[in-house]
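What follows is a set of structures to go through.
Presented sequentially are two complexes of chain A, the first with chain B as partner and the second with chain C.
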Partner chain A sequence: MLRFIAKRLGYGFLVLLGVVGVVFFLFHALPGDPVAMMAGQRTDVATRQAIEKELGLDQPLAVQFYLYLKDLSPLSIHEDTAEEQEKYSYIPLLSLGEDEVLVLKGPYLRRSFQTNKKVGEILLDNLEATLWLALAAMVFATFFGVIFGMLAALSQNTFWDHFLVIISVLGISIPSFVSAIIIAMVFGYYLSDYTGLNLTGQLWVNHPIYGRTLHIENLILPAFTLGLRPLSIITQLTRSSMLEVLSQDYIRTARAKGLQYYKVIVKHALKNALNPVVTAVSGWLASLMAGAFFVEYIFDWKGLGFVTLKAVQSLDFPVVMGATLFIALIFVLVNIVVDIFYALLDPRVHLS
Partner chain B sequence: MHFPTDLPDRPQEPLLEVKGLQTQFHTRAGVVRAVDGVSFTVNKGEAIGIVGESGSGKSVSALSIMRLVDQPGSIVGGSINFHSKQLGEVDLVRLPSPRMRQIRGNEISMIFQEPMSSLNPVYTCGDQVMESILLHQQVNGKVAKERTLELFRRVRLPQPELAFNSYPHQLSGGQKQRVMIAMALSCNPQLLIADEPTTALDVTVQSNILKLFAEFRQELQTSVIFITHDLGVIAEVADRVLVMYQGKIVEEGPIWDIFSNPQHPYTKGLLACRPRLDMKLKVLPTVSDFMGMDAEGALTEKKSQKYNSVGEALLFNVQSQAEIEQHQQALLQKPPIMEVRNLKTYFTDGGSWFSRKQEIVKAVDDVSFEVYPGETLGLVGESGCGKTTLGRSLLRLIEPTAGDIYFEGQRINELKEKEMRRLRSEMQIVFQDPYASLNPRHTIGRAIMEPMKIHGVLANEQQRKEKVMYLLERVNLKPDYFNRYPHEFSGGQRQRICIARTLALEPKFIICDESVSALDVSVQAQVLNLLNELKQDFGLTYIFISHDLSVIKFIADRVLVMNNGRLVEAGYPEQLYENPQEAYTKTLIEAIPHGHLEDIRKAQLARKLAQRKMGG
Partner chain C sequence: MLRQFCAYLMAVLLITAGCTATDNALEDGNAKVFRYNQAEGLSSLDPAFARNQANVWAITNLYSGLFELSPDMYPIPDMVDSWEVSEDGGTYTFNLKKGIRFHDSEVFEGGKGREVTAEDFEYSFKRLLDPATASTGAWIFNDKVKKNEAGDGFAENWVEATDKYTLVLRLEKPFGPFLEILTMPYTFAVPKEAVEKWGKDFRKHPVGTGPFQLKSWDEGNSLIMVKNPNYWKDDANGQQLPYLDAVMVSFIQDRNQELLTFQQGKLDFMSGVEANSIDLILDKDGAVKEEIKGKFVVQKVPYLNTEYIGFQLDPSVYKGANHPILNKDFRKAMNYAINREEMLKYLFNNLGTPGKGGIIPPAIKYFKENTVKGYTYDPAKAEELLKTAGYPGGKGLPTIKLNTTVQSKPMVEYLQKQWGAVGIPVEIEINQTATHQELIDNSRANFFRGSWLGDYPDAENYLAMFYSKYFSPAGPNKTHFNNSEFDKLYEKARYESEGFNRLDLYHKMDQIIMEEAPVIVLFYDEVVRLTQNNVTGLEPNPMNVLDLERASFVDGEVIQE
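Let's turn to the complex of A and B:
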């Protein structure tokens, strides 16, 4: 088990390295000039050069890449100065030569070109909102998806089965930006007097009198929108997996024992049918953290996707890079957890 | 000498009376009458056998008794009277579901054909047996666990405690079937229905399971309905036999009568078409020798049969000792078509980027033999012995680890992919599962034509098409089947199509990998005859891989016995079966259910004596 986790972490590390490389070079292949975005179109050449130098953009691409990796690496060599110490907040390990030192530090994601805030802080500030949104969407999707899928499978070829299948096909095929706009418009605007919902994309709202208050209802619309696709897919997946399991010999064995219908379904069929669903759910959870871009944007939900989209627009390289890496890390970790969970659910799966 | 076969029977008390049972399946193609007016009685303590080929309605009859027939099937007529301990005499057809559940698994229990898939993979074997006990008996978990362990000991699971905590995939097929038997016996049922319980198992495992059945029958006085397509098996377990054909019972009687004096042509055919161990036949009699065939190719009864009795059928076909010896001599005259020297195929388990720890599985371990042109070399062994891997290694479908393979004097181990591909048109393989080896989306014409196209056989499409028609005719199918799809054919017909596809490239050498194992005995006989006929006409050489020793005995000129990746014994079937040298071969041969009249008489007598003892 431990060996399995270590191995998967090793693979995960390689994945992250690949992500850094691809995003880094892609970003620099993009048209546009971050310096111009920062300083405005009419800045004189001297200022431009100063900014470029400060950001390290005057160096060759390979050197820039090396410096970025060095900033990321938890073990690295830096100058032993108070300035560097403050920048990286490192723990010196070993003194190398006169003013160089081998250090242990948290990965340094640099500062935003735009706001000069530390990228790490920006991400952490916005993570909470995205996390709640993704979790809410996923819980909603899983709960109803499994129920709908089971209902459809148990009433195969009846009206309800066909109805659920058709609706879920719709849910899978409508792109999230379309459904987001429609749902926002209908429920958050036209019907907002009846639903009491609006497009304030925040969980915590500063109220002039009551101070900082929790507004959980603001989660409803974006979570519903975000959950539509996974809901549809989980419904279909549960349905087909349930149908397959129900035709298995061991279901007949369970019935031949004289078990009640619901026990056969819940105890013998569902546990087997849920395996593929678990994989799907967890895969979705990870991609929802990343893929909520449109939904966050349309509902003005101040999460990771929102920040990343803004950063891409303003060519804010450190934020884009940091957010992508962070999301990739979540992906890798979630997948490891899924595999472990999978092994717990199905004794035939060995973690090796 | 007089055998007292007619010991006076104890007074018979009926347990289950099936009357005019009709179960139908409503499909798009119309109504299928799977069980069509079946009536029979099972007495207390009696074991009856139901024999028939797949689709004869024997399994559906059993499922009807359990009321487990799934949609779109339903019981449409008849009654099933059961003398229940809890409910008195009831008609199972009309019993409300909650009542039926009290009987299912408690008074009537069932064992299924596929031990591999009949246990739920996510629960331990112990849990699954306990579930049944907890459901029907008012006991707590601790008692249920003790009873389960006791049952596991009684069905001779090697380590009951370990099996209790094992998941089904951790046990072998035979062990799983023992768990199923333990589950079926857990509530001391009055009636046990066993649906082909040994068909999926190796012969040695089968014989152990059959012994277990016999023991339990004596101990528990449980009535048994034993369903099988193999008359040899039924002879060992049943007192009375029903022969089913197309949803009807065509013959019924004590087992001795059925074997010694079958009345219905279908029963005669079934008895005659089993490959025999005691004599070598030129051609296997088939069911159609006893019955006619109508225009659609379906079997019907006919008056002018080819043979009138089983004995006659055998007599016409038996090969004399001189003929056999002459044939054997002739085969060894020519130089071998294939020579295999010290062949090894190992698999490595595990191992990856980060860890180098590997386990080596020696699937084929230092095997050497020759194949002579025109012969059929039988390769026999239990599942997992490496016979399939060996077959595939010979064609380099699996790359051998070491050793030499010479085909017509040429060493083929290091041939390039291109040369190998050319050579493969001369060496072909027919697989076990005719259902999985045909692409369901291609017409059979296309399936047979495809290899010809790939290898550029014949000049144009028209010629190839004609060749396909010819081949279809050769394997006893109609040429106008060209544009049909595989799902329209039965298992036996599909296997013929596979054989036709193999022949399309005009090979010299064919490996038949369990090619008849998935077929019914009667269909098996037809396919075996076809293979022999084609061998003569096309000058073929076969390696015939099978776990079934009777089939090997019929078809093979020489036999290799394989165990744990090694060749254990080799020889002519006549000598090998009469006088096996190795202990392993002996166990294999002793485990074959014979269905000899003498054995049946003895077994029946033993059962009756035991019954008397029990009855006091």
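Let's turn to the complex of A and C:
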């Protein structure tokens, strides 16, 4: 077991390394000049040079890549000065010669080009909004998906069954940026007097008099939009797995021994039909966080996706890199955890 | 299990919502809170990074400097009491007002704001030039202040606090509009204690001398500033400024959504309207729409902004030396071929002034539309010039590629048709802003859409776009215009401190630009400001700065959502 985890962690590490390399070189192949994005229209040589040096763009590309990896690495060698200490907040391990020291530190994601804020802080600040959004979308999708799927299966080949199947095919195939715009316009604009919902808005609103207040209603539209696709998939999954279970012998037995229809459906059929659904849902949270990019952008939802898209536009390399790495990390970890859970839950799965 | 979890979750949500609501409320329920939106997003509250409108707005309300701009764009004293300029125009001596204090802050001893001294200005100015700060504003002093003997750095005493309230600034050569430079937020005073304590995070821990101080900044979501109780300015009746108790900034990034929010009464002020929602505010003649009148106030003033299309004039980027863009007559023909009035009317509801004068917009003092003779719509003349250039009816012309961003697409498509009408084939390439900028800066766009927003209200700022020592990418000369007569006049004007002599030189230079036509001036923009009816004390200005020092609400009555 431990060997399995270690092996998976090793693979995960290689995946992350690959992500760093690909994103780093892709980003530098992009047209555009981050220094010009900072310096603006009026500037001069000295100002540009100072900014270039500050952003670390004055070095050759290979050196830049090496320095970035060094900043990420938990074990690295630095000069032992107060400045470096403040930058990396490291723990010195071993003194190497004059003033160099081998240190242990958290991965340093640098500071944003645009705002000079620490990337780690940016990610943490915006993670909350994304998590709530993904969670709300997932809860919504699971709850209604199971109900719709069950209804469709129980009324197989009727109008409702066909209707739900067609709608869910639509929900799977429509891209989120299209549905986001339609939903925002219809419910947040044309019908906003009736729905009381805004086109955009945040979960928390700061006010000088009322302080920080929670606005759950602002979560409704983005979560609904983000939940549409999982909702459709869960509906279909539940429907087909329910149909399969309903045709099993033990259901007939349960009915035959005189159990109420309702009890048979909920206690016997649904419980077993939900197995594949649970698997799907658990693996989904990570991809929802990444899939929230367009939804966040259109609803002005200040989460990870929003920040990342803004950073791509303004060539804010450290933020793009940090966000990509962070999401890659979540994917890797979730995959490992899911694999382990499979093994624990289902004795037929062997770790190898 | 799940039910328990849900109940727990709900409880946590309710509790957090409940307690935070009252945590940091202003005690007085009748507080005057001014609400505005910042679509572009705020990147820093450090004056050394006051590089865009969003930053400038917030920083202007948190900090102050030696001078400020009056509504008609003259530098007037702010923290300076009196000043002297030496005979040769190279040394400025400023006497500071006494008793002005920084905001109360934990960085000072006892938490009480310390008095501002000349040393704070010396520190702030030196910090701006220090490469370690990597300030985007270093250029304002770099080529102006006194150099050392060797000429490889700045003189030790280029800025010097000679006593507690006297600041001396030495320039290498006189610079006419230097006081205008000193109104820029880059030059605002910052306390050493705060910069040293917070380091790079000073960006979110501002300590200034402005009418407001920071309460909270939840980046991307909200910025809240509250009244500085120790602000040093009074109004004419002796009442202490500012009148407002707090300022609340939201960050809705979509302009149309911002307008909608304003119309719902959830913002007190907004500036700028997107081209596609201009119809909601102005009718086709540029007048405020009937149905809007009375609902809120719409104000328009000339903006310190010129919209243009530039030609790349560096011959080395073209394969042959005979490219039509290098031909002056051809460039003039392109200028004559477009109808600026019609374009403004149909695409912008007459918001803005047709660019029939020079590159310097009428928002600059003493530059009216007709001071400098530019180009009007004259297709016959355009055809004639095409013939002189050797392309009668456009025969033999290669297709000219116009680089632009998506925002200008309707406009350049309109122009494309007009050039087509006289026989000039133009194709359009649309890029992302970052790419567009890079193509221009590195001379990879031969014909490009540009706009110049003034950094300070002096014509010099516009004419610098054509000085041959300021070639892009480092300088503002994106067309690589190179004209020795222009350069001579530019250098002369820079060192000319007498305002009216300088003005004369500016006119001459602008006329050279028009004659040589390195750009096509399209129009001079206008500032549009919308305010709710109960807002007072806000003057629109050509720099479009939002100074809330004297803003208030009628009767002090505020309706807060």
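The rule is short, and it goes like this: the second predicted complex is superposed on the first by the 297 of 352 C-alpha atoms of A that agree within 3 Å, B and C clash if a C-alpha of one lies under 4 Å from a C-alpha of the other, contacts with A are read in each partner's own complex, and residues count from 1 in each chain.
Here, contacts are C-beta pairs under 8 Å (C-beta built on N, C-alpha and C of every residue); 3 or more make two chains touch, one makes a residue touch a chain.
Being a predicted model, the structure only gives us computed values, none of them experimental.
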Partner chain(s) touched by A:Asp249 [first = chain B, second = chain C, both, neither]: first
Which superposed partner A:Thr81 touches (first chain B, second chain C, both, neither): neither
Partner chain(s) touched by A:Ser73 [first = chain B, second = chain C, both, neither]: neither
Which superposed partner A:Asn272 touches (first chain B, second chain C, both, neither): first
Which superposed partner A:Gly211 touches (first chain B, second chain C, both, neither): second
More chain A residues in contact - chain B or chain C: C
Contacts of A:Arg111 with chain B and chain C, given as first, second, both or neither: second
Partner chain in contact with A:Gln260 - chain B first, chain C second, else both or neither: first
Overlap of chain C and chain B interfaces on chain A (superposed complexes): none
Complex contact set, residues of chain C against chain A: 13, 16-17, 20-26, 29, 31, 33, 41, 43-44, 46, 49, 51-52, 131, 133-139, 142-143, 199-201, 203-204, 215-216, 218-222, 224, 226, 245-246, 248, 251-254, 257, 260, 431-435, 437-439, 441-442, 452-453, 455, 461, 464, 470, 473-476, 560
Complex contact set, residues of chain A against chain C: 30-33, 36-51, 53-55, 86, 111, 114-117, 122, 125-126, 189, 199-200, 202, 204-214, 216, 300, 302, 306-307, 310, 313-315
Complex contact set, residues of chain B against chain A: 66, 68, 100-106, 109-110, 112, 114, 117-123, 128, 131-132, 135-136, 167, 169, 180, 183, 350, 352, 354-355
Sites on chain A touched by chain B in the complex: 3, 6-7, 10, 248-250, 252-260, 268, 271-272, 345-348, 352
